[in-house]
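Chain naming follows the written order as A, B, C, D, E and F, and within any one chain the residues start at number 1.
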Amino acid sequence: MPQLHLLNKVADHPRFTQCLNQTHAGDSIALTESGVLALPTGIDWPEGVVIYALSADLEARGLGPLELPPFVHVIGYEQLVDLTLSTDKVVCW
Amino acid sequence: MPQLHLLNKVADHPRFTQCLNQTHAGDSIALTESGVLALPTGIDWPEGVVIYALSADLEARGLGPLELPPFVHVIGYEQLVDLTLSTDKVVCW
Amino acid sequence: MDSPPPQSFALVITGAPYSSQAPQTALNFAEAAIRAGHKVNQVFLYGDGVHLASNFASPPSDESDWPALWRVFIESHQIPATCCVASALRRGLLDETESRRYEKTGANVTAPYAIAGLGEWLESTLNSSRTLYFNPDH
Amino acid sequence: MDSPPPQSFALVITGAPYSSQAPQTALNFAEAAIRAGHKVNQVFLYGDGVHLASNFASPPSDESDWPALWRVFIESHQIPATCCVASALRRGLLDETESRRYEKTGANVTAPYAIAGLGEWLESTLNSSRTLYFNPDH
Amino acid sequence: MTDRRFLFVIDTAPYGHWKGREILDMAFSAAAFDQPAALLFTHAGVNWLRSGQLPDAVQQKSVSKNLSAAMLFGLEAIYVCQESLDHFGIGKPDPGLELVVLASTSDLEARFTDVVRL
Amino acid sequence: MTDRRFLFVIDTAPYGHWKGREILDMAFSAAAFDQPAALLFTHAGVNWLRSGQLPDAVQQKSVSKNLSAAMLFGLEAIYVCQESLDHFGIGKPDPGLELVVLASTSDLEARFTDVVRL
């Protein structure tokens, strides 16, 4: 059963790693707030997990296309709403 | 110049490692609040650094002598006050 | 293709304004949900999130007034909004009733917020398609 | 051996009661300092720490009332206590003066706390042997 | 409205933080309203389960009485992560608690519709 | 009363957290009262220094104007940890800021009597 993980923590917050460990192939992670700061750090994202990032939080923090890995899907709040409804289950971290 | 580090963070909080990295031989660390939970985890404390732990916080969390490494000095608030004055500089984490 | 049928949300906010980003992320999410035709069944303030209900918050005029923006949003969409009573009392958030009960000199919570128990959270959760928790990012 | 000459402390509290342990650790420390003959020059509430000054806090009767315990301690030792104005206004902590200025319906900060700026923090820091920061542990 | 099953996750340390107490209140509330609900203690949260805690020392209330009555309150189970117990040197958690110790928690969450963290 | 030298350490990320703004206020206040004061950005705190930030997107104020006027306000220096810049992929921090980039910050704190974190 695919899950959407809403992840707003910096990568050195204990919950960030916990979240990555709780994902399974087919899940999605939507990065919001300080969560987006993990994108330019080159961490190992779990395999088979789709990564989304909220555009407002990217913009605020000066993260443009050049700073983002190519696999990231940049989304707005509208798409985030859709995602929470189209995934079977949402887990907030 | 010896420093006293007041450390109240859990060991997986980013500041815990930062604190350990900022200590020099001759410094002291006083563990308070959730900081005392690092004691039974068997982490590597920096060499030449004296480790204190606040007895009230140990008691509250059920950490007795059997859970503590032998090098820890258990202190009360009175001794903590003395330490902050007898060390040249106090750094609060 | 037809648009999907409308769905409903319960939103739980556990981060305080001017300490976390939780209230603003939640507001942007709620606005987008309503724009898309969905319903917000309940906004439930819990833990430090209860500070969002403070009538006394007076941020500088060049900063967003999150408590005011949330009040306007809740009122204009007539969303039931609850401030958890246990969280609120400990943190000094009182409506008229609680203020009298505890013999305090005033109240800082008014409509659109009601002070009530976790039953509100549970009921709205059971009646909503999704419950989202807006926690502080730290 | 003679006891050491008395020294003085400035205490900064940045964690809120019922969210962090900062106010209780700070109180126990302050009590021990005074028992040892030292002076507390100032208690400065900053960031989320300003919630400690709330007169409206009404914790359950079987829990410690940290705002009340702190008020008693400050009054009985006549310690200057300041609630940072910038932190306080954003978070809805108002004395009578600020309440009138912002046209709010009441006030939740009274004596022994004064609402003032960072100058109080700096001055007490410069006049104290040590300044300690009681931050939340999270 | 589909049938819901709640898992409340406590991953923060006791006493320094109110989150643990607040999520417990949610769990007891869900159980009181006859909802299937369980608790999971993991990471620093396992420190809630150490025996011999004396929270009076920091002028706080104990939660162990509430926890030991969890089944009476209608909670399905209290799960604990073995790895976290080991990490924090908790050889024997509080014997007054009925705990289900799990070698791995990675499949647990899939069995619940609502996984709640604060 | 000995001479004091203040170092204000910002190690938390912008916008999700108010600590960075609050410690900046302290630094500017110390400088306004003619106290020797400097800032250190390290760990997640270096994200305050990335160029091209548009905090309007989250309805917040920018601090880059304040930071670029830091020297005018009387701050001695803005130090940055090189390792943290590298970690967060910040090749060139905001060119409007006068930064002192340090390969190691381990000796910096020793030069200050008051090291402040919130």
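We take it that contacts are C-beta pairs under 8 Å (C-beta built on N, C-alpha and C of every residue); 3 or more make two chains touch, one makes a residue touch a chain.
Here the structure is a predicted model, which is why all the values come from computation and not from measurement.
Participant: Give the fewest steps needed to get from chain E to chain F, where each step moves from one chain to a chain it touches.
Facilitator: Steps on the shortest route: 2.
Participant: If you tally contacting C-beta pairs, which comes out ahead, B-F or B-D? Let me know.
Facilitator: B-D
Participant: Rounded to the nearest 5 degrees, what is the angle of the rotation that puts chain A onto chain B, matching CA atoms?
Facilitator: To bring chain A onto chain B, one rotates by 180 degrees.
Participant: Could the interface between the copies chain C and chain D be described as same, meaning over half of its residue numbers are common to both, or is it different?
Facilitator: same
Participant: Would you mind pulling out the distance in Å between where the CA atoms of chain A average out and where those of chain C do?
Facilitator: Each chain reduced to its C-alpha mean, chain A and chain C end up 24 Å apart.
Participant: Let me have the rounded angstrom distance from the C-alpha centre of chain B over to the C-alpha centre of chain E, please.
Facilitator: Result: the chain centres lie 27 Å from each other.
Participant: Among the residues of chain F, pick out those that touch two or more other chains and give their numbers.
Facilitator: Each of 13, 15-18, 43-44, 58, 60, 116-117 in chain F touches at least two other chains.
Participant: Touching at least two other chains at once: which residues of chain A meet that condition?
Facilitator: In chain A, the residues touching two or more other chains are 8, 10, 12-14, 33-34, 56, 92-93.
Participant: In chain D, which residues are in touch with two or more of the other chains?
Facilitator: 18-19, 21, 47, 63, 86, 133, 135, 137-138
Participant: Who touches whom among the chains?
Facilitator: Per the contact definition above, the touching pairs are A-B, A-C, A-E, A-F, B-D, B-E, B-F, C-D, C-E, C-F, D-E, D-F.
Participant: With touch defined as at the start, can you tell me which chain B residues reach chain F in the complex?
Facilitator: 1, 14-15, 18, 21-22, 89, 91-93
Participant: Residues of chain E touching chain C in their complex?
Facilitator: Contact set of chain E toward chain C: 1, 4, 18-19, 22, 25-26, 29-30, 33, 35, 114, 116-118.
Participant: Give every residue of chain C touching chain A within the complex, in rising order.
Facilitator: Touch residues, chain C against chain A: 4, 7, 9, 21, 25, 28-29, 31-33, 35-36, 38, 129-130, 132-135, 137-138.
Participant: State the interface residues of chain F toward chain B in the complex, per the touch definition above.
Facilitator: Per the touch definition, chain F meets chain B at residues 11, 42-44, 106, 109-110, 113, 115-117.
Participant: Would you mind writing out the residues of chain D in touch with chain E in their complex?
Facilitator: Checking each residue of chain D against chain E gives 18-21, 24, 62-64, 136-138.
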